[in-house]
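For reference, the structure discussed in these notes is given below.
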């Protein structure tokens, strides 16, 4: 199986603003491989280094050491990002545009033809169930709708690999359900999906494989069954891995 | 190129969907019409003061529109985090800078056309005289000058986090150049030595935006500026615009966007 | 409608900045005035006067279609040209036209920049003089004690714009605010005499002007000797026109005492005496 997304001994240190403190090690030699066609759940508590990993993959943050590649191309080369779609966390899209205008804008960035654009926009609006709101400005959208606009924009170029940063965070159960369905459908279309989350229920339901990250260290990697072996479910396994002791709470 | 136009299109949409432009236009229109309605000594042919006031308002409004619109572009992309999905697509940071510049500049151009059209209609209806060529020169020079200003603001917006500080600083700098640019050398010669050298140097290296103010020619019906001079001034402005854009790109290229 | 506070602030700031800076350019009128006053005095008292001065200067700027020196340029003369023009100082007007405050271009920036500035000394003509009126109106509203605003305005209304009626109204307003101003009375007399050929009313206001001059403080009398001479000479001329040759000669004699060129006046006296010789002799009356 080919690795579509790969990191090797990836280390990221953020320089501290306060020189008395040491540098913050956000990733400590991360080795990761995501294969074609799988849905890969990237788990970890807040501050584990999930977003940092994605920022390296997208070229926003340079690795301190080690490396990363997409489709076998080093991420430092912009061409590595031709065939990916990216959904950042907590993004507030241009609120004065409508969903349709937003997608048209991104389509132009990809240089899609007009016909392709029209077709793609129609498909995506249907996929994320925003046809009824397509001509309304984004500022009138609910949080769930905004998140689905984000998903639509990440798919505008029909990418082979999707990198989604906490796609369901902040959504109500219905919204989360919808996003999960979309990921499911993408998987059926043969896309590779790499997404971060700390919502374990949904991960369990849709992921082929998961990795658990804590404080920059990779703690576990494998299928859901492999990772949760020896625990009641994935959530129990996760808590155990990140060192949470139920008894210490009382 | 189509990527740059796509980026510019978003900026233009933003301008005409926000209220700022309309507010300033209505303000300018009301003040101008109000000034035009005043009766001085029962002489209804008096018109130059109206032209003067209207053009001053246009200059102030256009400066405010272009500076405020431009100053928030990059900071807003960062704050709303749209810069991430954008840069995750096949678009370079240089293209983002140029696209933002072009958007702000074109949007300002549209605003200028609206403003000057209003000016021509109001003053023309009073003096029955439409020196279109002079107006065209005045608008062109105004627009070219705002190009330099917009590039300058874009550069500032990369170094100053708050759009308001970028706006304030550029409005002061541009205002200072417009008012004192011509006189800076005379002022310099009246200063003691370290200051004299600094001001003289400033006089020679600063962008001479005051050249682009042809209001006097329009207000006093003084005819046309030689086309050769306009062409040279356009070239000069283009060079300055280029300098500021390159500096902006150099800053933006190294910018860590995740902090 | 929602207004972004930033944009409003920016507008106000820019307006304040433009205004204050453009005032600074003409602040020469101001420097002698505000020194001893506190801020409030400046804002409510001298502030108005400062603006009035600014607008009066604007009238002069308009008169020159924008060809106007800033405080930074060395000025050959302090006097406003609209004043000298309105006082009929044709020769000084010509002098100013020939003199060029810009001088030779100092460097390439200056040389090229002149393409975009008004670089010709011109004066408004062909009824375009009307364009200075709004600034005079504003100056008069802001500083009603500024008498030259009324006289200059009336001069242009009467002499160039053919509106003696408006000139009279403006001067009457000025007189209400400055009842002791012989300058305004002199200009008013010119409206009656030159425009309406009403010798009686002209004589009345000019004689009143002389009365006001006689009771004015000594230093003002010294400064305004020329206005006094004009009043007297003009009175002499209307008496001459009216055929009161004796009174005319007496006025001319009075004028000779203050005139820088008594010989020229003597010629006029001689001319009247010749006319008188052809008539019955008249005994000179008491003048003032």
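Lettered A, B and C in written order, each chain numbered from 1.
Throughout what follows, a residue touches a chain if its C-beta (ideal position, glycine included) is under 8 Å from a C-beta of that chain, and two chains touch if they have at least 3 such contacts.
The structure displayed is predicted, hence computed values, not measured ones.
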Q) Should the pattern of chain-chain touching be classed as line, ring, star, complete or other? A) line
(Q) Using CA atoms only, can you tell me which chain is the most central one in this structure? (A) B
Q: State the pair with the higher C-beta contact count; candidates are A-B and B-C.
A: B-C
**Q.** Euclidean distance of C-alpha centroids - chain A vs chain C, Å
**A.** 79
Q. What is the distance in Å between the mean C-alpha positions of chain B and chain C?
A. 40
**Q.** Multi-chain contact sites of chain B, meaning residues that touch two or more partners
**A.** 18
Q. Considering the complex alone, what residue numbers of chain C touch chain B?
A. 1-4, 6-8, 10-11, 13-15, 17-18, 21-22, 25, 62, 65-66, 70, 72-73, 106-107, 109-110, 112-113, 115-118, 127, 130-131, 133-135, 137, 153, 157, 161, 163, 166, 170
**Q.** Touching residues on chain B, where the partner in the complex is chain C
**A.** 18-20, 22-24, 27, 38, 40-43, 45-49, 56, 60-61, 63-65, 67-68, 141, 163-164, 167-168, 171-172, 175, 179-180, 182-183, 185-187, 203-204, 208, 210-214, 216-217, 219-220, 222, 225-226, 229, 232-233
Q: Give every residue of chain B touching chain A within the complex, in rising order.
A: 2-3, 5-7, 9-10, 13-14, 17-18, 80-82, 84-92, 256-258
**Q.** Footprint of chain B on chain A - complex, ascending
**A.** 55, 58-61, 78-79, 81-82, 84, 86-97, 101, 105-106, 108-111, 137, 150, 153-154, 157
